[in-house]
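The same subunit A turns up in both complexes below, where it pairs with subunit B and then with subunit C.
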Partner chain A sequence: MEQDAEAAQFLKEASLSVKKNAYFMRKAMDEDNLREALRYSAAMLGELRTSFLSPQRYYELYMQVFDELGNLEAYFADEQSKGRTLAELYELVQHAGNVLPRLYLMVAVGCLYIKAGGARSSDILKDLVEMTKGVQHPTRGLFLRAYLCQRSRGLLPDTGSPYAGEGGDIHDAVDFLLTNFMEMNKLWVRMQHQGAPRDRERREKERQQLQDLVGKNLTYISQLDGLTFELYAGSVLPRLLEQVVSCKDELAQQYLMQAVIQGFPDAFHLASLDALLSALPELQSGVKLHAVMASLMDRLARYAASDPSVVGQLLERHAFEKFVESISKVAELHGDIPAVSLVEMYAALMRFTEGVHPDKLENVNRVLGACQRGLAGKGLGGDAKAEKQLVALLSMPLGSRDAVTVLSLDQYPPLMGLLSRRTHKDMALKVVTTTLAQGTCVSSLESVEMLFKFIAPLVQEAEDDDDMDEEDIEEEQVMVARMLHQLTAPTPGLQFAILRAARAHLELGSPARLKHTYPALAFCGLKALRRLNAAQQQQQSGAAADADASADANGAEKDAERAAPAAAPAAAAAADAAGDAVDAESALQWLLDVALQLAEVPAPMQALRLLLVCAHVASEEAGLEMLAYEFFEQAFTLYEESVADSRHKVTALQAIVGTLHRCYVFSADNRDALTQSVTSYAAKLLKRADQCRAACAASHLAWQEPPAAAADGEVAVAVPGRQPPVRDAQKVMAGLKRALKVVAAAKQQRAATARGGKGGAQHLPLYVEIVNHYLYYLARGVESMSVGVVQQLLELVGSELSQYDADLDAETRSYWQATQRHIQCLKAADPDKYAGLNA
Partner chain B sequence: MKNILGLVQGAPCRIDVDFKDEKGHRYKKTAVVKGKNGETEELPLFTNHDAIVGEVRITPLTTKRVEHTGIKVQLLGQIELASERGSPHDFVSLVRELAPPGDVASAAQKPLPFEFRNVEMQYDSYRGLQVRCRYLLRVSMTGKGMGSDTKKDAPFWVRNYDVPPDEAPPIKMEVGIEECLHIEFEYDKARYHLKDVVVGKIYFLLVRIKLKHMEVEIRRRETTGAGSSAHNESETIAKYEIMDGAPVRGENIPIRLYLSPYDLTPSYRDVHNKFSVRYFLNLVLVDEEDRRYFKQQEILLYRKADDPTQQQQQQQPQAPPSLGSSSSSS
Partner chain C sequence: MATKKRKLLKVIILGDSGVGKTSLMNQYVQKKFSKEYKATIGADFLTKEIQIDDKLVTMQIWDTAGQERFQSLGVAFYRGADCCVLVYDVNSTKSFESLDTWRDEFLIQAQPRDPENFPFVVLGNKIDEDEGKGRQVSEKKAKAWCGAKGNIPHYETSAKEDVNVEPAFGCIARHALRNEPEEEFYVPDTLDMNTVQQQRKTSSCC
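Our next item is the complex of A and B:
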């Protein structure tokens, strides 16, 4: 800080001295005293000889002097008109004893000399650029040469310039700028090595402030009208690169490579790609090559975007291959290159290929593969930045193309595997979301296998996964579950193969995951099964038609099984033919497996529901009695062994009843076995109300309606092995009686507990419910259910209700009223049948 | 005032010497010569074997009649050493009688012409630290009562032009301090004329010390006496910075030193066995601790004839001398 204040003070004094000398200089000029003017100008310029100022402050001083030099130049120009030749002046200023002021004056006069046409531009410039070697101090030299560069602008013998021809040609102009550039660069690099090592960082910062002085030369070269590609590639670029490489300075190399890339036209880069790339491996290991490569690739990509013909040229020159090669060479040479740099390079390459050849998927894969190889052995080293870059790299292909296409990139998952668990998972989620967002169907076995490789961290556990709570897992697995629905193959056979593959992967996960994914998997299976059935139906009807036509039923069936629905691609059909063919039985067996595994999770309710659904499908769609029975059996076992919660039991039982009621495949024996189990389950429920309701429900098992006709538009499924609907009035009545008994028991129980208040009248709604069941059966025409029986019950219920009228809650009351209204309606609709009813 | 009151007897007359050219006009060739304290004086300039002509004018300062025993003019060439001050050695001494004895007033009636033809003035006029070589006309009036006032010295300057010496090889030299600093330097010539430009280059072959700057000095060494009694006196005529900052190995630094701004003379060897003047280019490197490393190299300076035709050519603007020498060096 103190040093800083000192420097500030110094600058103030120096600036004051500049002002003073400038004043005397101007005064001498007014008096037309050349000698004095020169003397004071040299004194003024002498202030620039300081070593005390940081580049920033030196620049301030320089600018001040620079402005004053403008006056001096004007005066010199004037001198010429007074008969003093610029040649004389040019010599005169060289008499100055100090080298720095002398050289500034030389530059000032020299440039006037060129402008006045007195001397060959190239001669003077050559002289100036040579003489300025006298200043070897980095900061002073840089500013002096910057002044030279700036003043000589427009005076170069550039093609088309008035200074060309006699005064030299474009080669001289290029030579001049290049020489000046090289000298400046040397000074700039040298700065780093002067002073104490502990100030290294500060120096680096200061150097950065000066970089544009050096870069200006390159800008001017690039702005030369006469700079043709031949000149650039033949002379400028090799010399530039030679200098860049040989200076062995990170900062300089970094900046200059960028300057070259940004400074010269795209077309030049395109045509001289080899030269440019071949310089890269030779740079220092600390140079951020990825940034350099990235700029180059981005530039070319932009160029290609602006001019379609460039794409062809890039192809022709194998730009992509060259980039790949160059990166791997760089990585090889700089064995210790940080992972983040490496990944950034590949990310840039990915951007390039995605920008230039969006259609070339193999390029994407190559980039991934190369990156993976590059990182092999060292991984990311836990570098968060590297990881971020890698995620960016991996996300790129996802952004522009659908997930299935990306799934064909076999280099993707191993690269993904390098990510940390958490990031890996994020990436996997991204893959899933992309798939879902795009609604992509994953339709081949290979893709599915790949997909699971991609999302492995979502499916499998890892040791360090302990920070996941239930909710996180659910959220995550729901995504996976959703994704399962995207796995759709053109043929059912293939579909099952896919699902099997998916299951094999899912199985690796913990039960906590399976709970969420298996149901989805199973329902995918069911969907497939339905398609299978539908397909078979069609084939059978088609085969029948064929058989009629060709009388070759035997072969036709086989053919038909093979011939997939018209929409299915031939490849998928071939896959089916190759052994993936599946029948309903095996599919259901598979589903059974899935369900049982789900039960072990344990997720008994889900498993139970799933079993029931499968049972129904087995029964009603496949017509496989044994399998359907098996499903029920398993469901019942689950009910008995695994469903403990009474509420769950109630729900489960209802589900069982509902499903069984709709199954028509069972023979009487099997059905009885199932029904009896249900009846006994119902009796064993804890609460009276539940017992009652279950009994009512179970009663329905004895009375099936004929299966509903298929709705319009759906394929009517003709199920083989369907039994006629069960009609057993006795059992119905027995069930209802049991229900009534339970209500009675409930009533007694209430009385025994003698609980007053409204809460006690639990049995009342049950009465109403039973009434409604009675009415249902009456309407269905169950033999034992006569109007008289119903009326009897109605009276009983009526009296019960009036007895407990005070306890009646609003719900039950309105239920009862609705029931009464219903009865009125029935009477109105069919007075003959319901005449005896009186609510 | 004293003179007017006649209280002190002053000089009876004033003596003026006018140099004339062959046609009787005022002599125009002059040389500006720097004196000791920086003041300059303009003196008539001659060359060996020139004719020195002119006239002496006597202006009486008193109306009193003053007799003299004769007026004469001497042309003297003297070498004066600081060590033997007051007793200059005359190497030329010519005398012309201007007027026979008579009175001052009559001598003052018209200018008294004089003429020295084909004078041998082989040595250049020179003003050094401890030696000078000078030429003068001494007009003296002798007679009773004539003091120093009646003697008048009119100095003039002599410059001789040398035939350009034979081409000598450029000076090239590698010097250094082991493991510390190795440089190679070259000056394009060993012999320069006074308006010449020294063009050269310094190559840094090894730099292990932190240099601050580098300069070229022009040093003049006067030697008087000979043998064991020889005495040297050196003087730095010019300091010309040629490098600012610290170079690294492999750098080369150009030198271009114009000699014209400096007060130089040709190198003189054994002037009348009295003294020699030699010139050196001294390359000085200064490091950050202000230690000086130097290497001195003698150069021979000579005066080139100012050929008028040549002079005109030089003024042609198309070829600056600097560039000519620069391109020839590269």
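Our next item is the complex of A and C:
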């Protein structure tokens, strides 16, 4: 800091001195005193002899001097026009006592000399570029040479320039600039080796500040009108690269490679790619080649974006392949290259191929594979930056393509596996959300297998998942569950193959995950089963139609109409037959396994519901009695062994009754067996009220209505093995009797334990409920249920209600009133039938 | 007085990488255009002599590097500027949004005496590109910005097709001319310059 203040003070003083000398210089010029003007200008330039200033400060001083030199140059030009020869001036400026001021003045006069046409441009330039070798101090030398090439700009024998021809040609111009460049680079590199090692950091900083002075030469070369590609590729680039490589200086190489890439036109790079790339392995090991490579690839990608014809040229020149090769060569040479640099290069390569050849999926896969191989053995080394880069790389293909296309990238999952668990998961979630957002159907077995490789961290456990709570898991697994619905194959057989494959993966997860994913999996299975049934029926009806057609030629036209829509499923069925043939039985068997596995999670209620849904499907859609029976039995086992909570038991039993009531597949024996179990479960419920309600419900198992007609738009399915509806009035009455017994028991119990007060009339609403069941059966025409039987119950209930009127709660009261109104309606609608009823 | 100074106007062109700073300068000074992008390294100028009304002036037009990596020596060349030209690409919102930064940066670094009234000129370049289909910055939006910054003159240009380049630089020259020169006049004291020179340390051999 102290040194800094000192330097600032020094600059101030030097600047003041420049001002003073400039003042006297201008004064002398005004007085037309050339000698004095030169004396003061030399004194002014003398301030640039300092070694005390940092490059940026030196530049400030230089700019000040530079502005003043402009006045001197104008004065020289005037002097010349007044007849003083340039030779005379040239002689005069050599009187400056110090080398640096003398050389500045000589450059100024030399350039005027060229302008005046006094000598060949190239000769004078050659002289000046030689003479300036007299200053070997890096900073001073670099600025002097910067002045030289600035002043000579526009005076070079460039093609089309007035100084070309006699004065030389484009080759001389290039030679001049290249020579100056090489000399400057040498000065710049030498700086690194001067001074104490402890100042290394400061020195490097200063060198970086000076870099543009060296790089400026490249801009001048690049802006020459005569610079054709032939000249560039044949002479300029090889000489530039030779200098860059041979200087063996990291900082210079790093900067100059970037300067070459940025400073020359795209078309040149495209056509000289080999030369550029072949220089890379020759550079020092500390050079950040990834940045250089990335710059080059990004430039060419932008070039291709701006000009479509470039894409073809890039293909022709195998640019992509060359980049792949180059990167792996670079990685090989620099074995210790940090992961972040490596990934950065591949990310740039990915950007390149996605930008230039968006249709070339194999390129994407190659980048992924190459990156994975490059990182093999070292991984990301826990570098957050490298991981960020890798996520960017992996996200690129996801952004522009649909998920299924991405799934064909077999190199993707292994590379993704290098991410940390958390990031890996985020990436997997991204794949899932992309699939969902795009509504993509994953329809082949290979794609599904791949998909599960992509999302493995969402499916399988890892040790550090411990910190996930129930909610986190749910959130994540719901996404997986949603995704299962995107797995849709063209044929039911393939569909089951896909679901089996999915299950094999899901199975690897913990029960906590299965709980969320298995129900979705099972319902996907049920959906597939329906498709299977529909396809088979269509096939059968198609076969029937064929039979019709052969019998009746007139039906041919009609048949053709029908065959068209049937063709697709028929073909699908044929495809199924070839490999993944599946029938309803095996499908249901599979569902049974899934449900039982879900039960073990444990999730008994979910499993039980699933079993019931399957039982119903087995009965009503597949017509498979034994399987339907099996589902019920398994559900009963679950009910007995795994459903402990009394409320759950009530709900479960309701569900069982509801399902069984809608099943028509069972023979009398099987149905009796199932019904008996239900009846005994009903009797064993904890609360009397529940027992009563369950008994009522169970009574319905003995009285079925014919199956409901198929919903609109669905073809009524002729289910094989369907039994006629059960109609057993005796059993209905027996069931209701059981219900009434329970109510009576409840009433007695109440009387025994009554301590007065409210809550003692719990049996009353049960009575009303039973009345409603009676009314239902009466309406259905159950033979034992006569108006008289109902009226008897009504009277009983009526007296009970009036007896306990004080205890009656509002709900029961209004329930009873509604029932009474219902009876009035019945009587109004059908007076003959209901005349005997009196509530 | 043979050396009565010809008026020199210093103009600095600033703007993001690739907006066409070099192209505008080359079109104006040399009537040249190259569609190829070549990054400019460091800062450098071209001069052009022009007549404004009855005055002959020399414009020193400084082209600068838009890429930060090629601006290593700092911006000492801002010093003494008479006008600052801010360039954006009408097809790039980002380049337009950068104008604020470029303007602030210039005012901070150049420290003109009267920053409020320092002459700026804004150029929206590349109006030819893709027949204007890719335009992202409307003229209205740009004019609004210029209006809010103290009525900065605004031109839409095409360096490639030489549209509005001449009028824009004419305007630049007039504004630069109006800028009061900030010469810090040196008033010589009575000290002998030579003795002053010798008292100060010099650390050089050449």
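The rule is simple: the second predicted complex is superposed on the first by the 729 of 839 C-alpha atoms of A that agree within 3 Å, B and C clash if a C-alpha of one lies under 4 Å from a C-alpha of the other, contacts with A are read in each partner's own complex, and residues count from 1 in each chain.
By definition in this document, a contact is a pair of C-beta atoms (placed from the backbone, for glycine too) under 8 Å apart; a residue touches a chain by one contact, two chains touch by 3 or more.
Source: prediction; values computed, not measured.
Colleague: When the two structures are laid over each other on subunit A, do subunit B and subunit C clash or fit?
Modeller: With subunit A aligned, subunit B clears subunit C, so fit.
Colleague: Of the two partner chains, subunit B (first) and subunit C (second), which one does A:Pro138 touch, if any: first, second, both, or neither?
Modeller: Touch status of A:Pro138: first partner only.
Colleague: Counting touched residues of subunit A, say whether subunit B or subunit C comes out ahead.
Modeller: Between subunit B and subunit C, C touches the greater number of residues in subunit A.
Colleague: Touching A:Thr85, do we find subunit B (first), subunit C (second), both, or neither?
Modeller: In the superposition, A:Thr85 touches subunit B alone.
Colleague: Of the two partner chains, subunit B (first) and subunit C (second), which one does A:Val99 touch, if any: first, second, both, or neither?
Modeller: The answer is both, since A:Val99 touches subunit B and subunit C.
Colleague: A:Gln150 contacts which: subunit B (first), subunit C (second), both, neither?
Modeller: The answer is second: A:Gln150 touches subunit C but not subunit B.
Colleague: Counting only touches as set out at the top, which of subunit B and subunit C does A:Arg49 meet: first, second, both, neither?
Modeller: Both: A:Arg49 reaches subunit B and subunit C.
Colleague: Counting only touches as set out at the top, which of subunit B and subunit C does A:Phe24 meet: first, second, both, neither?
Modeller: second
Colleague: In degrees, to the nearest 10, note the angle that opens at the C-alpha centre of subunit A toward the centres of subunit B and subunit C.
Modeller: In the superposed arrangement it comes to 30 degrees.
Colleague: State the minimum pairwise Cα distance, in Å, between subunit B and subunit C in the overlaid complexes.
Modeller: Across the overlay, subunit B reaches subunit C at a minimum of 5 Å between C-alpha atoms.
Colleague: For subunit A, which residues lie in the overlap of the subunit B contacts and the subunit C contacts?
Modeller: Common to the two interfaces on subunit A: residues 49, 98-100, 134-137, 140.
Colleague: Give every residue of subunit C touching subunit A within the complex, in rising order.
Modeller: Spelled out, the residues of subunit C in touch with subunit A are 1-3, 5-6, 8, 32, 34, 36-42, 44, 46, 60, 65, 67, 69-74, 76-77, 79-80, 184, 186, 188, 193, 196-197, 200, 202-204, 206.
Colleague: Quick check on the complex: what are the subunit A residues that touch subunit B?
Modeller: Within the complex, subunit A contacts subunit B at residues 49, 85-87, 90-91, 94-95, 97-100, 102, 118-119, 123-124, 127, 130-131, 133-138, 140-141, 186, 190, 194.
Colleague: For the complex, give me every residue of subunit A touching subunit C.
Modeller: It comes out as residues 13, 17, 19-24, 29-30, 32, 43, 46, 49-52, 55-56, 59-60, 62-64, 67, 70-71, 74-75, 78, 82, 98-100, 134-137, 140, 150, 153-154, 208-213, 215-216, 218-219, 222-223, 225, 258-259, 262-267.
Colleague: So in the complex, which bits of subunit B are touching subunit A?
Modeller: Where subunit B meets subunit A, its residues are 213, 238-248, 251-254, 256, 258, 260-261, 315, 317-323, 326-327, 330.
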